[in-house]
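The structure follows.
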Amino acid sequence: MDLAAIVQQIGYDMAAAPHRGVVADYIPELKRVDPSQFGLAVMTADGQTYHCGDADVRFSIQSVSKVFTLALALGRMGDQLWTRVGREPSGHAFNSILQLETEHGIPRNPFINAGALVVTDAILAGHPPRETLGEILRFVRAAAGDDNIHINPDVAQSEEQTGHRNRALAHFLLANANLINPPELTCGTYFHQCAIEMTCLQLAQAGRFLMGGPNAPRLVSPERVRRLNALMMTCGHYDGSGEFAFRVGLPGKSGVGGGILAIVPGRASIAVWSPGLNERGNSQLGTLAIEHLARATGWSVFG
Amino acid sequence: MDLAAIVQQIGYDMAAAPHRGVVADYIPELKRVDPSQFGLAVMTADGQTYHCGDADVRFSIQSVSKVFTLALALGRMGDQLWTRVGREPSGHAFNSILQLETEHGIPRNPFINAGALVVTDAILAGHPPRETLGEILRFVRAAAGDDNIHINPDVAQSEEQTGHRNRALAHFLLANANLINPPELTCGTYFHQCAIEMTCLQLAQAGRFLMGGPNAPRLVSPERVRRLNALMMTCGHYDGSGEFAFRVGLPGKSGVGGGILAIVPGRASIAVWSPGLNERGNSQLGTLAIEHLARATGWSVFG
Amino acid sequence: MDLAAIVQQIGYDMAAAPHRGVVADYIPELKRVDPSQFGLAVMTADGQTYHCGDADVRFSIQSVSKVFTLALALGRMGDQLWTRVGREPSGHAFNSILQLETEHGIPRNPFINAGALVVTDAILAGHPPRETLGEILRFVRAAAGDDNIHINPDVAQSEEQTGHRNRALAHFLLANANLINPPELTCGTYFHQCAIEMTCLQLAQAGRFLMGGPNAPRLVSPERVRRLNALMMTCGHYDGSGEFAFRVGLPGKSGVGGGILAIVPGRASIAVWSPGLNERGNSQLGTLAIEHLARATGWSVFG
Amino acid sequence: MDLAAIVQQIGYDMAAAPHRGVVADYIPELKRVDPSQFGLAVMTADGQTYHCGDADVRFSIQSVSKVFTLALALGRMGDQLWTRVGREPSGHAFNSILQLETEHGIPRNPFINAGALVVTDAILAGHPPRETLGEILRFVRAAAGDDNIHINPDVAQSEEQTGHRNRALAHFLLANANLINPPELTCGTYFHQCAIEMTCLQLAQAGRFLMGGPNAPRLVSPERVRRLNALMMTCGHYDGSGEFAFRVGLPGKSGVGGGILAIVPGRASIAVWSPGLNERGNSQLGTLAIEHLARATGWSVFG
């Protein structure tokens, strides 16, 4: 298998792809991103790196950050966290509040917005947001082995100004006694965490710990690696998770900035980015690129 | 790894397990099954068989049959089937009608009842139910390499008498132009398909084609094998699918008769059975046994 | 007040009305009705009759029949009926199945389809449908003082052929042990009851018993008259009941055939008919006409 | 009819009533109210007053205030208000957020919490909350003809501390562009408006403008009086409105403080108060007392 050639070909194909999705418009700062961009980076267990396109351009990782905060929260609290958030796909949109009402304030999983707020709230736990954000950044930088990873203050501020729905979720969680910090602090921390910027190369690097196996950095226990991958598989693409599992067959986590982190257990960490989103809110070309990559390489957890 | 010893130990542990769940009570004939039973059978890619407990006792496979009918329907119709049924976890109970109303009669996936009715309806397609049931049985027998697999007429009749909710789903599908046979025929076929009886040994045998790889029987294409496994992973345990993925890490399909079929891609086909169900409607001991097996063997698609 | 002139003027205005709604298309036989028709009949407590337009043309009363079957069922069973059906507005469409699932098979009120099926089922109660339909017809004829009221067999058959959603509701009720006759019998009776045909003159006549007061025919007790009116006020126009109360201020019951029966307690019984429906499924011109009538006469229960 | 004797008898009956409901516990300050209290005041169109029990004890009017703010908002904005809030019963609890998501941020009616927040937001309209609260108080005082009506600051503060669910609703409205003031200001104003305290005598006095007719104070037009009554009838008791209409037959508005204002159009204004609530969140004895009163007097809008 000539992985270099495969990655290169995908770069060509995506550059020519006619349907590129629509850039998220509800965060003004993200709306300004050039939709023609596409980047892909693959890191294999043996330490090789393959990339194409705009793999070294920084983008807003948004919800991909939820993987890192979940790993961090589990490291801090262990399985206690699961008393506050579930582990099931939601069957609803990423920002839906419906199940929060019918299920008594326990979010379905840590990757929908309500669940991610609970995770961030658990890490925050009374500490100053600045300190918690420092801890999150340290975790991501350690995972990537790269200190040049930062929060984009303009994006964070843009989310502060428009994140009313997330605030509604936070107040609703509080009304159900499932928030321990003031909503404004938890939301503020969450908005900044989502505004972390990385390149595809950095993100693929940061995802290696989820490959598991002897060559991967060991930031969390092997059992937890498997469980994080399981959650990414069943819940990582919101209400498009079934489709991603069906078409790609790899655990992955998408963000509204157009980034996707996907894992080939024991073999590779993949980061892809293209700002245009499909109707489920996942990167149009990013999804397509990983599907091509999985087919060309035969990578799938399902055989 | 001494798989024989592991399987034996699980048999001992399950025999002593204090919490055995509750036998399904809404199908009178199933209610009469002795809840103390437990069986486990594992078939590996190299042709070995390991089993313990009541692995040679017949049980009603119920919804596990949906894997076989889905494979059959896809073989017949190909991807056309996906215009009539989705590929996303539902976030609701297996027999819920809620999303059928809000999503215009397209069931979320082929493993909830509404979706399985669509699949059976697609195979039926105007043929006499008896003929279609013959075809389904032939497929299952071919997969198992065993002609001694039958439908239990008492169970089928019991379901005929109590399957009002499934009939409601069928009429609702028809009202949305997503049923092509008369509801009574589709439901009748479905009730009989669910009443197929197999032993754990037969079911593990029948599941080998889902292992993929060079040693597995090739009933469907490798790509379709992966996709069936993906659907089993995200939707195979209804609103407990995320939990099964999290705890076990293998694609699986459960039935209300207490059976579960789980697949280790490229390596093994596993059938487990114990009639008592947990609160999600999946076998209490069956789930526990597969979790133990996965942990002891290290089998997981997630690393 | 010159009621004759008011009614005449409304006839002129409605003849010239530009927006006439859309004829229901899901019952083929109803779809063939000429949408340009409009009729209005008003009967006052002192025995006077005023009418205009097509007040003597027969139309399918459809859900208006639910008022008569409810009165009949309450006369037969008394308040026992309320163990099987509620008395609250639903907040959903007339044919929705959502609340039936979340509220354990107890329909919200007797005027949505699920609730009306329960009412018909309660009257049927093991008797032959033909006999029960005879009883319903006798009640309506007695109320109207007119034996020339019949069921249109073509409309009934048309509903038989397309009433899949009502069958879904009936099977769902049965699954919740809230149906005592076979679904096919209850639905068949219901389809025929909806196919009763009356003219506006007959319907206004038949509604007089709901006026209450010394001059009204006493088919049910005064307390029950008030309660039937209360239900018509809060639930009589499905998810448009609040709007009808707001704009018109009278208890009323609409049908998908374009008819509306409205009551001015102690003063008048009003029947209006025009086949075109608004987006809530209630007669467009019928609603408008009653609104005009209420404004011109000052009739309102609210002052 | 000896109204004085009827009111007196109801006072005796309620004092002896065994089931008195449960005092609301989610607003700490309200939880401290003595549940044994009961008051009733009736003011007739001819200027007579009848009362019994604790009719001169102040209580927190809570959601009864929504009638006054709605009248005020309509006076200010006219029918423009209806672009922001609907007029249909919700079929859900008073504080539900479900329909706000599925219906794009337009609350079902002005009497559920979400709708009342929109109404208060419309009055606030950029003014300082203190000024708006002054205006609301002036309206209520003018209606009651009594300047001795105040906001209880302890109750307002108690609601500030626990009103997380209302804040969630406000942020959700803002996310749907249906809030024009900062959520904290709209909520703060709303919490204070709910903390207005009145006696039954004051509240019955303040409700006279809703009687309509020549003897009632004319604060709003006759047509608007009818429409306010219509809304109270269909939506005034949340998801118990149908039941109140069925049992009592009068337009009414309840509050979680245990107060109910009910109107007999053209004839009387009724205020009742008892702190214990039924399972729908409406005063247990208050509802019962008005039901007794309506039966004894024959007062009903339905004949």
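Which chain is which? They are A, B, C and D, in the order written, and residues in each are numbered from 1.
In the analysis below, a residue touches a chain if its C-beta (ideal position, glycine included) is under 8 Å from a C-beta of that chain, and two chains touch if they have at least 3 such contacts.
The shown structure was predicted, so the numbers you read here are calculated from the model rather than taken from an experiment.
**Student:** Under the document's definition of touching, what chains do chain A and chain B have as common neighbours?
**Tutor:** Both chain A and chain B are touched by no common chain, going by the contact rule given at the top.
**Student:** Specify the chain most distant from chain B by Cα centroid.
**Tutor:** D
**Student:** So the centre of each chain is just the mean of its C-alpha atoms; given that, what is the distance between chain B and chain C in Å?
**Tutor:** From the centre of chain B to the centre of chain C is 47 Å.
**Student:** Taking each chain's centre as the mean of its CA atoms, how far is chain A from chain C in angstrom?
**Tutor:** 54
**Student:** Roughly how many whole angstrom separate the Cα centroids of chain C and chain D?
**Tutor:** 32
**Student:** Indicate the residues of chain B shared as contacts by at least two other chains.
**Tutor:** Within chain B, no residue touches at least two other chains.
**Student:** Which chains touch, pair by pair?
**Tutor:** Inter-chain contacts occur between A-B, A-D, B-C, C-D.
**Student:** If we count contacts the way the header does, which residues on chain C are in touch with chain D in the complex?
**Tutor:** 86-92, 99, 108-109, 210-213, 222, 225-227, 229-231, 233-235, 239-243, 245-246, 249, 251, 265-266, 300-303
**Student:** For the complex, which residues does chain B have touching chain C?
**Tutor:** Chain B reaches chain C through residues 96-98, 101-102, 164-165, 167-172, 174-175, 183.
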